[in-house]
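Each of the next two complexes has chain A plus one other chain: chain B in the first, chain C in the second.
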Partner chain A sequence: MDLTLSLILQIFYVIANLALISLGLAIIFGMMRVINLAHGEFLMLGGYTVVVATNNGVNLWFAMLVLAPVVVGAIGVVVERLLIRWLYGRMIDTLLATWGLSLFFIGIITTIFGASTSTTISPPLGVVSIGEYTSSGYEMLLIGITAGLLVAVYLVLKYTALGLVARGTMQNPDMAAALGVSTSRIYMITFGLGAAISGFAGGLLAPVTGVLPTIGAIYIAKAFITVISGGASILAGTASASILLGGINGVVTFLTGPTLGEVALLAAAIILLRFMPTGITGRLFRKSQ
Partner chain B sequence: MTINRRKFLAAGATAALAAPFYARLGLADDPIKFVSILDQTGGLDIYGRPMVETTKMAIDEMNAAGGLLGRQIDLKVYDPQSSIQFYTQYATQAAAGDRADTVHAGITSASREAIRPTLFRYETLYFYNVQYEGGVCDINNFCTGSTPAQTVEKLVPYCMGKWGKKVYIIAADYNYGQITAQWVQKYVRDNGGEAVETEFFPLDVTNFGPTIKKIQAARPDMVMSALVGGAHVSFYRQYAAAGMNASVPIASTTFGVGNEHRLISAEEGNGIICAYSYFEEIPSEANMSFVKRFKDRLGDDAPGLNELAARSYEGAYLWAEGVKAAGSVDRMQVIDALRTGIGYDGPSGRVQIEPKTNHAVQNVYLAELQNQSFNIIETYENQPPSDTLLVCDLVADPTQSTFKFENGLKAAGIDI
Partner chain C sequence: MNGMFGQFRGTLFAALLALIFTIAAPSILEFFTIITLTQVIGLSILALSLALIWGYGGILCFGQTAFFGLGAYSYAIAAVNIGGSTGAMFIAVAVAAAFAAVLGYFAFYGKISDVYLAVITLTVSLIMYSLIRRTSGPEYKIGDALLGGFNGTGAPPLNVPGNAGAVLFPEHTFYVAMVALILLYVFCGWLVNTHFGRVCVSIRENEIRAELLGYDTRAYKLGIFTVGAAVAAIGGIFFCIGVTRVTPDVFSLGQASLTIIWVIVGGRGTLAGPVLAAFGLYYLTASLGTQQVVNTSLVLGIILIAFVLLAPRGVVPGIEKLATARRAGRRNRAKERRMRLRKPRGGISEDRHETG
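Let's turn to the complex of A and B:
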């Protein structure tokens, strides 16, 4: 019983982890159709922001919850102004450009901080016990934060003027422009928001995984698989794909081992895309956000 | 005779082709060529960079002391960028292009197996200065790092005596981890214990939550880790975050070799026990001088020293001892000289070649991590490579060039 309960919590954490690393990508890809291969590096930059800030005496919570999204969001805006905005509608070119950007970020961080970086921040909040089983309290908090983040993004898109204009711009940029919306500004804000959420996720994960200049490469494949499997709708897609793939990964990893766990995740995504080529929300929940 | 373009090119080409031969005959004190192929970028850089620095230090020291046989040593370093493809390319370049007198190369067993046959074929002397799973039986290849019979054989009984007999094994999912896990299983059983579970992890796994739950469910007395690389460092964090390091202690065959103990916090690492043939904390005079020279050389940027870094330094000196004894850099003469039982007294103590295996007889130290520093608790002197000795005899058949454990220990006839 205790084992089942703590295992269910663990699987929730795997799901939350997938959703967290994918959401920023889902916003940039889902709303703007920009394939951002530097997504993993946005996560990495968020992690480095937290590590560098805490090493310089900044409070850990402030670094994770405020600094990481602000810093990476600002980097995202600069990237959009200098690079991405010249490439809208040219998918292959953006793909190449963001790949180059990813190599640039890895190179510059390696040059500044070296190949391995000491991350002496431990996950805060201690241990949660369920009978004889213990889990990290911080991992439990991450489940809550991820759920909160999804709700916040939903509320912004659905109920604010910015969300309305952004959705309109993504649906029909020419019409939005004709109605007086500065589409270029909306693109910039959306890209910056996606980057900020990636930075936020990377910062939150830094105490759990540590940071490395190359850690983005570990996240990017899973993030893309989740977003593609999720399909057109940003929130419902990310959430449903995370639940499906994370659930399968968590259960199979526990039953067999991590190798087969990863295989099961990939196999599930392949089968899913065979029957639903446009992702889960291409077929189901089509009216969702 | 008029010189037209065609004649000029022909003459030039002849001269260029012949030049190396003249150079070889004419100048006896050409520099000796020492090639190092070690990953300085990519996922393995945490291991490779310190190894390159200590190799450079060894060669600089030798040159400052007048070189070898009155000749200077020319060190050439290639960076294969953690990619096997570059290993084979640079090994060919070192052997056929640079005509290296010796090649010191490789970090993972996969990279060693990619270049070992090439260097054997090109008759280029090869040193592999890394702790590994044992089993290489190659007349041309000196494996100077520690092997499981030297380290794991000491680590397992010590920890089982201290913590208990139920062992949970976690290891990286490639040949090092797979074979090392088999060695751990063997030594656990030989000492009357039980390996309750063995799990393997691809090198990019960062979420160890489900495994930590499995460890809690299995209730072992200890966890034995052979995890490898930057991503796997997250295991130690998540293990501590779940409060497990207080109840089920960890021993490891890999922790610290990538300076992992400096990457996580003191509380997360306290109590981990490891066995290697070198720790920066060895209190000998030779080692303290070595550490000081290294820190003086690199200043604040100096990485921590571990078995891989120290053995790269000692491996270069061991080769130099062979050259001195042979009075030549000729490959066969150096090999024969090294196999007479030549040794080098380095920072880790004496390292001596064992002629049946071309592996090293060496000291092994057992140490416990406290506050990001290893406290040495046991020293075992002059340990032979008894694992490789089970399957390899180069004295009886000096033509061999194989990796005996390629298909695991059972295939090599070792009962696990």
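Let's turn to the complex of A and C:
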């Protein structure tokens, strides 16, 4: 019983982790149909923001919950204005430019902070015990925060003026522009929001994984796979792909160890895309956000 | 037909230059440079493979390193187990091509979009990277070959076919690698001018139109993708022979980005451009690696962004365009001169006609 509960919690954590690292990418992908290859570096920058801020005496919670998304969101807006907006309609060039951006960020951070960091933050909140098994309290908090974040994005998309305009632009940018919406501004805002959520996720994960200039690489494979398996709708796509792939990853990891967990995740995604080439939400739940 | 042979003649000319370089190299370069060159040749074959499938096939493969690394690992493992390099090379190429065929089947027959394919291939390479890094420890071995995890595994040197004891000297390995590069270059140049190659180019230009003309675009894409993977695997073999080891870094994000940068800088739609870019950027990054002021990733990132924004066609097509523009200009000027010369004569004859 305790084992089952602990296992379920572990699988929930894997799913939440996938959703958390993918949501920022999914927002940008859903809006512009472009995979932001600098996504891993946005996560990395969020992590660095938290580490630098706490080293300078800022409260850890404030750094994670406020500072990381604000800083990375601002970087995202700057990137969109200086680089991405020149490349609208040139999808492949956008991919390549964001890849260049990813190398650029890795280079900058390595130059400033060095190839490895000396300080790490330990995850707060200690351990929670379930019968004879223990689980990290921080992991449970992350599950809760991820669920909250998904709900918040849903509410923004569904019930605010910005969400309405963003959904309209997503469905038909030309029509939205003809109706007087500044699509360029919407793209800037969504890119900034996507970056902010990525920074938020990176900041939250920094205590678990530590920070390194190249740490983005460990996230992106899973985040990319989740987003393209999910398809174009931001929330339904991220949630359904995270549940499916995270579930498979969690179960295989439990059965055979972490080595094959990621391989199973990838294989499942490739087979899924053979039958649903535009992702889960390309075929199912088409009307969802 | 004439135009096709004209293009292929350019390929043969470039191959001839490379052959002259090969013969001259050992007498003008230092011994150490020759040893390094073998691994750079491996990398340039990787560049060639991506130039073929991206530049001509239009297939956006961000993880060509997956086949490169798979070729390198398969060679090392097979050579240790067989005890000779010749058979191991064939096994390595077959493994990479078979893997590409399976992956390509899912991608092309599922009709996934360009962006998805780019991301899937990159992810495959990255997951191989994290998979192979975890294989340290004596329990991870294939036959007699330990996988070695983070530290990688030793790659046996080349030997004379049929005689595992007769190991080649570094200069001879360099010759073999260079000849392989030249042959593969000529092969790719030939392939893109065959019927198959031209259908692939037409798919790159407009897939729906090619399909409506009755070509099974999925099969053509799968074909050129598999050939590209086999070429990349040969690159991997020579790379690991040059380094004498194969480490998980062949699958890494850094290696994947470099491969893309070679093709962007060299130019899509040429074969020689990316190969030369691989050589050029290797020496750039090697010289950047010796100093501490500017970070290599930073420079590569700026190069990639600058080329995408300012010179999306790359260096070699840019030069070609300039050259054809100049040639066209010269032709036009010559034509103008001829016209000017002819005109008065025509005028005179007309005058005569009128007076006569």
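In this section, the second predicted complex is superposed on the first by the 288 of 289 C-alpha atoms of A that agree within 3 Å, B and C clash if a C-alpha of one lies under 4 Å from a C-alpha of the other, contacts with A are read in each partner's own complex, and residues count from 1 in each chain.
By our rule, a residue touches a chain if its C-beta (ideal position, glycine included) is under 8 Å from a C-beta of that chain, and two chains touch if they have at least 3 such contacts.
Computed from a predicted structure; not experimentally measured.
When the two structures are laid over each other on chain A, do chain B and chain C clash or fit?
When both complexes are placed onto chain A, chain B and chain C end up clashing with one another.
Using the superposition on chain A described above, determine whether A:Phe62 touches chain B (first), chain C (second), both, or neither.
A:Phe62 contacts neither chain B nor chain C.
What is the contact status of A:Ile225 with respect to chain B (first) and chain C (second): first, second, both, or neither?
A:Ile225 sits against chain C, while chain B stays out of touch.
In the overlaid three-chain picture, which partner chain does A:Thr259 touch, first (chain B) or second (chain C), both, or neither?
It touches chain B and chain C both.
Just checking: does A:Ser136 make contact with chain B only, chain C only, both, or neither of them? Give me first, second, both or neither.
Touch partner of A:Ser136: chain B, not chain C.
In the superposed arrangement, which partner chain does A:Thr110 touch: chain B (first), chain C (second), both, or neither?
So A:Thr110 meets both chain B and chain C here.
So in the superposed three-chain picture, is A:Ala217 touching just chain B, just chain C, both, or none of them (first/second/both/neither)?
It touches chain B and chain C both.
Is A:Pro207 in contact with chain B, with chain C, with both, or with neither (first, second, both, neither)?
first
In the overlay, answer first, second, both or neither for which of chain B and chain C A:Leu7 touches.
first
After superposition on the shared chain, which partner residues are touched by A:Leu87: those of chain B (first), chain C (second), both, or neither?
Only chain C; A:Leu87 stays clear of chain B.
Would you please give the residues of chain A that touch chain B in one complex and also touch chain C in the other complex?
110, 214, 217-218, 258-259, 262
Considering the complex alone, what residue numbers of chain A touch chain B?
3, 6-7, 10-11, 13-14, 17, 110, 114-123, 126-127, 129, 132-136, 138-139, 207-210, 212, 214-215, 217-218, 250, 253-254, 257-259, 261-262
Which of the residues in chain C come into contact with chain A in the complex?
So the residues of chain C in touch with chain A come to 60, 62, 103, 106-107, 109-116, 118-120, 122-124, 126-127, 130-131, 134-135, 252-253, 257, 260, 264, 294-305, 308-309, 312.
Okay, in this complex, where on chain B does chain A touch?
41-43, 45-46, 49, 173, 199-202, 204-207, 209-211, 213-214, 216-217, 230-231, 233-234, 237-238, 240-244, 258-259, 262-268, 301
What residues on chain A touch chain C, complex-wise?
Result: residues 33-35, 83, 86-87, 91-93, 95-97, 99-108, 110-111, 214, 217-218, 220-221, 224-225, 228, 258-259, 262-263, 266, 269-271, 273-275, 277-278 of chain A touch chain C.
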